[in-house]
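See the structures that follow.
Note that chain A is present in both complexes that follow, paired respectively with chain B and with chain C.
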Partner chain A sequence: MSSSRFTPRGFPRVPLQNGIGRYICQLKRVTLRFCKSSGSSRGIRDFIETDLVSFAQDHPGTALYLKPRRHKSPSFVAEYLNGEREVISCHNFTAQQMVKWLNLYTTRSGIPLMRYVKMWHTECPSIQGVWSPFTNKDPALNITQFPSEMLSRPVWEEKSATEELVEMINKQKISDENNDDIQKVQAAHV
Partner chain B sequence: MLCNKLLKFASKTVQTVSTNRIAVAAASSLNARSFSAPISQEYVVDNTVAHKTFSDTIIQTVNEAVKNNNRLFAVVHICGKQFKVTDNDLVLIDGYWPPNVGDRIKLQKVLLVGGKDFTLIGRPVLDPDTVQVTATVVDKDLSHTRTNFERIKRKQYMRINFIRKEITILRINSVFITQNIDNRKEVQEMGRRVM
Partner chain C sequence: MLTLRTTNRVLKVLKTAQKCEQSFHRWLAPTLRELKRRKDIQGPEKPVHRKTFLEWNYDTEIYAFSKRLGEEFNNDLLQQALTERSYIIREEERQKNVGIEQPTLNLSDNKELVSKGSDFIDDIVKRYLRTVLPRLPEEGIIGIHKYLTSIETLSHVSFHIGTSELILCAEFPVEKPTLSNVLKSIIAALIESSGDSRAALFVRDFIITQIADKDLHQFWEPEEPIKLLSEILARDGIQSPEPRLIGCSGKNTILACFRVGLYTPDNKRMIGLGFGETVDIAHEMAARDSLRQLFGTLDNILLPFNLKLDQLCASSVKNLFLNEWSQKTLPFRPTHFELRQAKEISSN
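What follows is the complex of A and B.
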């Protein structure tokens, strides 16, 4: 049972800055090992008869070798530009399975299998600057003396009922005065 | 681009006039004290022209900033996930995704583009003619073997599956703003959609 605990973990990487200019297939060499007579190599032999030539034409950057070995279990070896080498057993494979697995190993980059801890990799983590709690804040904070009375007050204080009443009475008083003034003015006019 | 649509509607501001002036009118007509709630009247001021000049200056400064800046970042939506990307970034896509190795892709769902001193925010997506994010598929692989374990308690049900999902690695080639940001069509076509 393989578990994510035991597989090595890492970040997404691609060898040789692949893809910045153009994409280069990282698989440099494939060696097919098979037996000419045994039943377990039948699929790989079918593959060699039907699809091998087209596969080689599709991947001009990959060298293909055939190694007939008497009474051996079939397998193929994939070697990559970064020096990695993987052996894949093709015991009792069909021709379709051979196509599928060969395609998988051609599209790989050759970096050994790992558990990705991030889905993203960048060389330039921030362009507008890293955010901190002090970005876009008033620079007056820098020279504030602590403890400050202004800053230690609660952010939102609700008015008490008494305060609201006092406010309303004051408002009314002002409007009363206005009215009185107007009346005085009008009386003077009359 | 940001303000074009806004400007189409005549934007109006509301100005509240102090209650004193109205109180004068009320008092002069009735010559009596009013006990009802004070009347507040609103004057609508038309400042379309001011808005236009304001947005025009912003658009102009952003256009100049685009010319001076060389490195941009973008937030792109790929396969149900959003990534903040710049040039030469690697983005890993989990699960089945049709593009094959070596394919060059133009990412059209760009939600945001920013430079050193400006940011363009899409509503929800930016104009695909203005913003260009291109990428190359660099790697297609299977993930490590993940254990998919499920169990229902008290029901004698337990399953364990081992799965290897497909993984695609994308290399972001470029993030560009290709034209002036206010150069926008009346009807925008985006893939199969017309916006």
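What follows is the complex of A and C.
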């Protein structure tokens, strides 16, 4: 169900500039619902026996409620400061899994899950300024007379075959002359 | 006849037994449909207060509230800060209706705390803005201050620190003025419980940070910037700036763009740059740009959100007003970098 038809899309964001001033844990309330006898609640019961007190000590800003309900499948309800409420089924969880899921929900911001368009977001996308037609423009263009012959030429002109041949012949002529000169000098020495 | 009846019954049971062999209940869908129809007739459910739920303990919630904010509150004061006058009146009415002639509630409302907190917020916000924006005219400080202490902003902050369910008031859902009043009174309660410096940190962390990602010019922008700029420069002995068209593209089209620079006539220095779809707009934008440079509110400034109460300027200090603003008479104040350095030295 992660297609964009069902999940809303957006950018990561944070409620109340959380973290610029001080960090507030956004989870305000957790209700653990479980059965005292059924097997599917065994993990959550283990969690309550072993880890619940330390969880409550670590998160004093989160109100914790226990709600035993006979023969009901276990679940926990996470309520957030922005008013969102989420129910997570803990059917057949182990105590370890409970710790992990509760940890996930305490570190969330409470903004509903969404598909991130990007993993970052900024209100100020360009540090050196927005591009304009005048950015990095050569100042010499301010005083150029148009139409200019120089600027009207194509940027890259390839040489034609004739031109290349002429160039090669000229090169050869020069090297021939050089050789002749060297021979003359040598003859004079002899 | 009797035997015929019994055989009929047996046949019926057999028939139903055959039906029950199906893997799904034929009655389920019609029942759900009927229940949905009745629910739709009832209309949408009214929101209920969280305190009507079974899992609700007010003391736990209050404890979690103060721990969440990381503050030490005096419990009585916090309770008083969360109690509105309307709640007390309603409860007394209720007791009278039951037959109690002299109702006693043992609750006091937050009216005094609200005015005290309001004054404190005004003071801290103004001092903070004057410290971090020493060049901005006083009108701008007032504009930003007005935004930060508006009911909208304060109620937003109040809601997001979780007061909406803890407030004792007559109306539900809680209205915005009530939310903002409660935030003010909580700050007053904090002043009395933990002192001014903690309360100032609270104001900084929750209220002043609201301008962190905002454009400061949306709160205040001078009218007639061209006229204002030449007035300000005249006070410093600089002639009125000379606008020059330094670029244009798409002239006579719908996407025309002009770029105007403002230069000082004396030393030919560029003091502002602006774009616009006409030359006039570009000229005005250039004037705005140079005013922003003078006032130190360019788009790329970073406001420091780490100042403490003793680093803020005094309440009596004010920024220059627009009609007296001049670079020569600017008050000398340490920048926040210097403040931070001073703090580091003192901590070492």
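In this text, the second predicted complex is superposed on the first by the 136 of 190 C-alpha atoms of A that agree within 3 Å, B and C clash if a C-alpha of one lies under 4 Å from a C-alpha of the other, contacts with A are read in each partner's own complex, and residues count from 1 in each chain.
Operating definition for what follows: contacts are C-beta pairs under 8 Å (C-beta built on N, C-alpha and C of every residue); 3 or more make two chains touch, one makes a residue touch a chain.
From a predicted model like this one, the values you see are computed outputs, not experimental measurements.
When the two structures are aligned on the shared chain, A:L151 is found in touch with neither chain B nor chain C. Contacts of A:I20 after superposition: both chain B and chain C are touched.
Looking at the shared chain after the overlay, A:P133 reaches chain C, while chain B stays out of its contact range. In the superposition on chain A, A:C124 makes contact with both chain B and chain C.
In the superposition on chain A, contact is made by A:Q183 with chain B only, not with chain C. Of the two partner chains placed around the shared chain by superposition, chain B is the only one that A:T107 touches, whereas chain C remains out of contact. In the superposed model, A:G61 lies in contact with chain C only, and not with chain B.
A simple residue count on chain A separates chain B from chain C, and the partner touching more is B. By the touch criterion defined above, A:P12 reaches chain B but does not reach chain C. Common to the chain B and chain C interfaces on chain A are residues 17, 20, 22, 25, 123-124, 127. Interface residues of chain A facing chain B in the complex, by the touch rule stated above, are 1-4, 7, 12-14, 17-20, 22-23, 25, 104, 106-109, 113-116, 118-124, 127-128, 175-176, 178-179, 182-183, 186. On the side of chain A, the complex with chain C involves touching residues 15-17, 20-22, 24-25, 28-29, 31, 60-65, 67, 81-82, 123-124, 127, 132-134, 137, 142.
Every residue of chain C that touches chain A in the complex is listed here, in rising order: 54-55, 57, 60-61, 63-65, 67-70, 156-157, 160-162, 204-206, 208-210, 212-213, 246-247, 249, 257, 259, 275, 299-300, 305.
Note for the complex: chain B touches chain A at residues 19-20, 23-24, 27-28, 31, 33, 38, 71-73, 81, 83-94, 100-102, 114-117, 119, 136-147, 162, 167, 169, 171, 173.
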